[in-house]
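In what comes next, chain A is part of two complexes: it sits with chain B in the first one and with chain C in the second one.
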Partner chain A sequence: MHIMEGFLPFEHALGWTIAATPFIAWGLQSIKKHLREKPEQRMLLGVAAAFSFTLSALKLPSVTGSCSHPTGVGLGALLFGPAAMVPVGLVVLLFQALLLAHGGLTTLGANLFSMAIVGPFVAAGLFRAGRALALPLSACVFAAAALGDLATYVTTAIQLAWAFPDPAGGFAGSLAKFGAIFAITQIPLAISEGLLTVLVVNALRRFNADELQKLPLFGQRGAKA
Partner chain B sequence: MKLRNWLILAAVVLLTVLPLWLAAPPAIGPDGIPGEAFGGADNKAQAAIGEIAPGYKPWFSPLLEPASGEIASLLFALQAALGAGVIGYWLGASVTRERLRREMNEKAAGQESSAQTAEDAAHAD
Partner chain C sequence: MLIERAAYGNRWRSVSPAAKGLFALAGLLAALFSGSPATAATIAGLLMLASVLGAAVPLALYLRVATPALGFLALSSLSLLFSLSADATGNLSWQMAPNAAANIAAVSARSLAALAALLGLVLTTPLPDLIALLRRLRVPDVLLDLMVLCYRMLFVFSTAIEETRTAQAARLGYSTPRRSLNSLGLLAAGLSVQVWQRARALHLAAEARCGSGTLRFLTPQFQHAGRDTALAGLAGCLLLVIGACAR
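Then we have the complex of A and B:
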């Protein structure tokens, strides 16, 4: 989902950066508040960040014959709320942009928007909806993490299609092209991310059941059950 | 639960490995040389931009580029290892904490029941 350095026209790069900035402030605020109230969950936040760090470093082959990587932000979005994953995504993207020439500073805003804003918010929203419908926890976790991952790549395709409309097919023509590159490639990877997230949540339920109960999105149902 | 976790892991491995066989071989490029198999989607998008807007010139280049593909994979491995290390530490700590808690509960239960027997014995006298 990384848009390469310099590969968004200036106005687009600036626009996405401006759009993403308030989310960073919100996210920092959200993490600060969470850790002030529950300092014992620092470790768990570290695990959520580490999960994203690891998954976004793994470039996996896909059925389209190209490689892409999961984002790993769904887990943290479920545990700590979507805003908390914005600063985490920022760290991951900065690491890759500065040291790996993967993504970039001019495209940081756009990449942050797709990976650390759209992905986590879609994941948390779906999870909340699934729980409200009283669907099984594992199914909620899987769908939230997998579709959040996919949403990130769809966003990247939209961002690129918007910046580079096809001379013949316009925005839609471009979206089909970029969608084929990003979204289709991502489908098996998104399934993998969903499954891995379920594994981590299973471990949490087995070994950290008390802590899990204290988390807003998990606690609600626990209180009812 | 345990069996299900193993099945999930197996599914992830299959999802990762099967595309290596299932994916169609890369199309032959205009120069008659087949394209790169399993290249990055990011680079494909870059190529697509080149097709859609041939006149577009990137206006900024990365400040620092890994000196080679080997260095890049070193850094990616480092990134993955850092994350995996933290997760492994947490998992180890959680498993141990859970075991200690169970042992303590068992011990407490054991003392209680032995206290109970002692009391019963006292009553029997």
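Then we have the complex of A and C:
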């Protein structure tokens, strides 16, 4: 759910960029540390960024009958971890702006915050919590992907409500307005993306259980479930 | 990708990316600081003319690239048209937002101007040139490596997606929404397996060439870079002055 180029006022664009900067620095630091131990991860992350970019261009059928593009927030967080998703998300969002004119440079910070920080961390956190409660793998994957998506939309709604408060209802009125619009359009998409992510993980378990087992968020219990 | 096609075949292809980046940055700042919708619309018009007349980007291609963003802007603006309010009994109702027209005009004109600045940059500058510019600006090597690899691999993945989708469609994989979702799941799973396979192959290839660190490439050289940057700076200042005059 991108905010388009120039849509946010200068103060908001700058503020979200500043808010996203420590996460980018932390993500880069985490990758650098990882690369010293496993140099082969350099190629993996670059290829993962290309995978996320091309995945976001696919048309996803929505449960309401319309279609949209998957965000890949949940799947990316499950496959590569939320820390890696910050720099990977930065590259993907930058490329979407530069190659597709989707999103923008002034709104990169705000889009990064919702799609590459909040979404992946919520998805990974829910997945870990679900596995800790010994819930079935498919339920954990669905909840992580669908609610990670929803968290992204809620963050975008907050960003827009903050930038454009309602003349009568203020921030709360505006948040209710954007929330109501997103509830109609994005909840069906989040459900679709949750289902899609379950299908992807099921296919990976069937054909590539070994690779899946090596992922930090899966491991022994994930592969056996 | 339409943007790529224009970026490699325009009149400003040999102009220094630093100059085009500076001009785009000035355009973005002028858009964000423009005092009125009319000023922002003027800046948008000037930036569009610079791309179409200056860089000789075909108008039809420019409009085709801009159309999805304009549609998105129309939808986004629509959300500012209405206001959700609660009455004394707590019932919520939709109504026209006060000053909606003025707000929408200001936001739309600013977005149009910023979009024109972005398009002016991306339609005249290939992505590898922009990555080289970011390297000069001392962006961390790890991030640049991700960009280089992403740029090279995204075409490989695009081809893989196209071929897989064609094969799935030929087997009626997209005949119903349910089958579409299932086919898409198999497609994404097949692609995600390729992520590891292709990364391993790239790592092996790099190791075979003693590559153990960052990925370095020759930096493209541009003639008259200093002159172009000075001209871009002047044109950028003009945009900023136009934006500031109406405040």
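One rule holds in what follows: the second predicted complex is superposed on the first by the 180 of 225 C-alpha atoms of A that agree within 3 Å, B and C clash if a C-alpha of one lies under 4 Å from a C-alpha of the other, contacts with A are read in each partner's own complex, and residues count from 1 in each chain.
We adopt the following convention: a residue touches a chain if its C-beta (ideal position, glycine included) is under 8 Å from a C-beta of that chain, and two chains touch if they have at least 3 such contacts.
Here the structure is a predicted model, which is why all the values come from computation and not from measurement.
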Which partner chains sit in contact with A:Ala176 here, chain B, chain C, both or neither? Use first/second/both/neither.
second
With both complexes overlaid on chain A, does A:Leu35 touch chain B (first), chain C (second), both or neither?
second
Using the superposition on chain A described above, determine whether A:Leu75 touches chain B (first), chain C (second), both, or neither.
second
Which partner chains sit in contact with A:Ile18 here, chain B, chain C, both or neither? Use first/second/both/neither.
neither
Could you look at A:Leu45 and tell me whether it touches chain B, chain C, both or neither (first, second, both, neither)?
second
In the superposed arrangement, which partner chain does A:Ala132 touch: chain B (first), chain C (second), both, or neither?
neither
With the two structures laid over each other on chain A, which partner does A:Leu99 touch: chain B (first), chain C (second), both, or neither?
both
Which holds for A:Val88: it touches chain B only (first), chain C only (second), both, or neither?
second
So which positions on chain A get touched by both chain B and chain C?
2-7, 9-10, 43-44, 46-47, 49-51, 53-55, 57-58, 60-61, 65, 95, 97-102, 104-106, 160, 164, 166-167, 177-178, 181, 192, 195-196, 198-200, 202-203, 207-208
Touching residues (chain side chain C, partner chain A) in the complex:
1, 3-4, 28, 31-33, 65-66, 68-69, 72-73, 76, 79-80, 82-86, 92, 97-99, 103, 107, 110-115, 118-119, 121-122, 127, 130, 140, 142-143, 145-154, 156-158, 161, 177, 180-182, 184-196, 198-200, 202-203, 206, 212
Which of the residues in chain A come into contact with chain B in the complex?
1-7, 9-10, 43-44, 46-47, 49-68, 95-102, 104-106, 156, 160, 164-167, 174, 177-178, 181-182, 185-186, 188-189, 191-192, 195-196, 198-200, 202-203, 206-208
Going by the contact rule set out above, which residues of chain B touch chain A in the complex?
1, 4-5, 8-9, 11-12, 15-16, 18-20, 22-26, 37-42, 44-46, 48-49, 52-53, 56, 58-66, 72, 75-77, 79-80, 82-87, 90-91, 93-95, 97-98
The residues of chain A that touch chain C in their complex are 2-7, 9-10, 13, 28, 31-32, 35, 39-40, 42-51, 53-55, 57-58, 60-61, 65, 75, 79, 87-88, 90-92, 94-95, 97-102, 104-106, 160, 164, 166-169, 173, 176-178, 180-181, 192, 195-196, 198-204, 207-208, 211
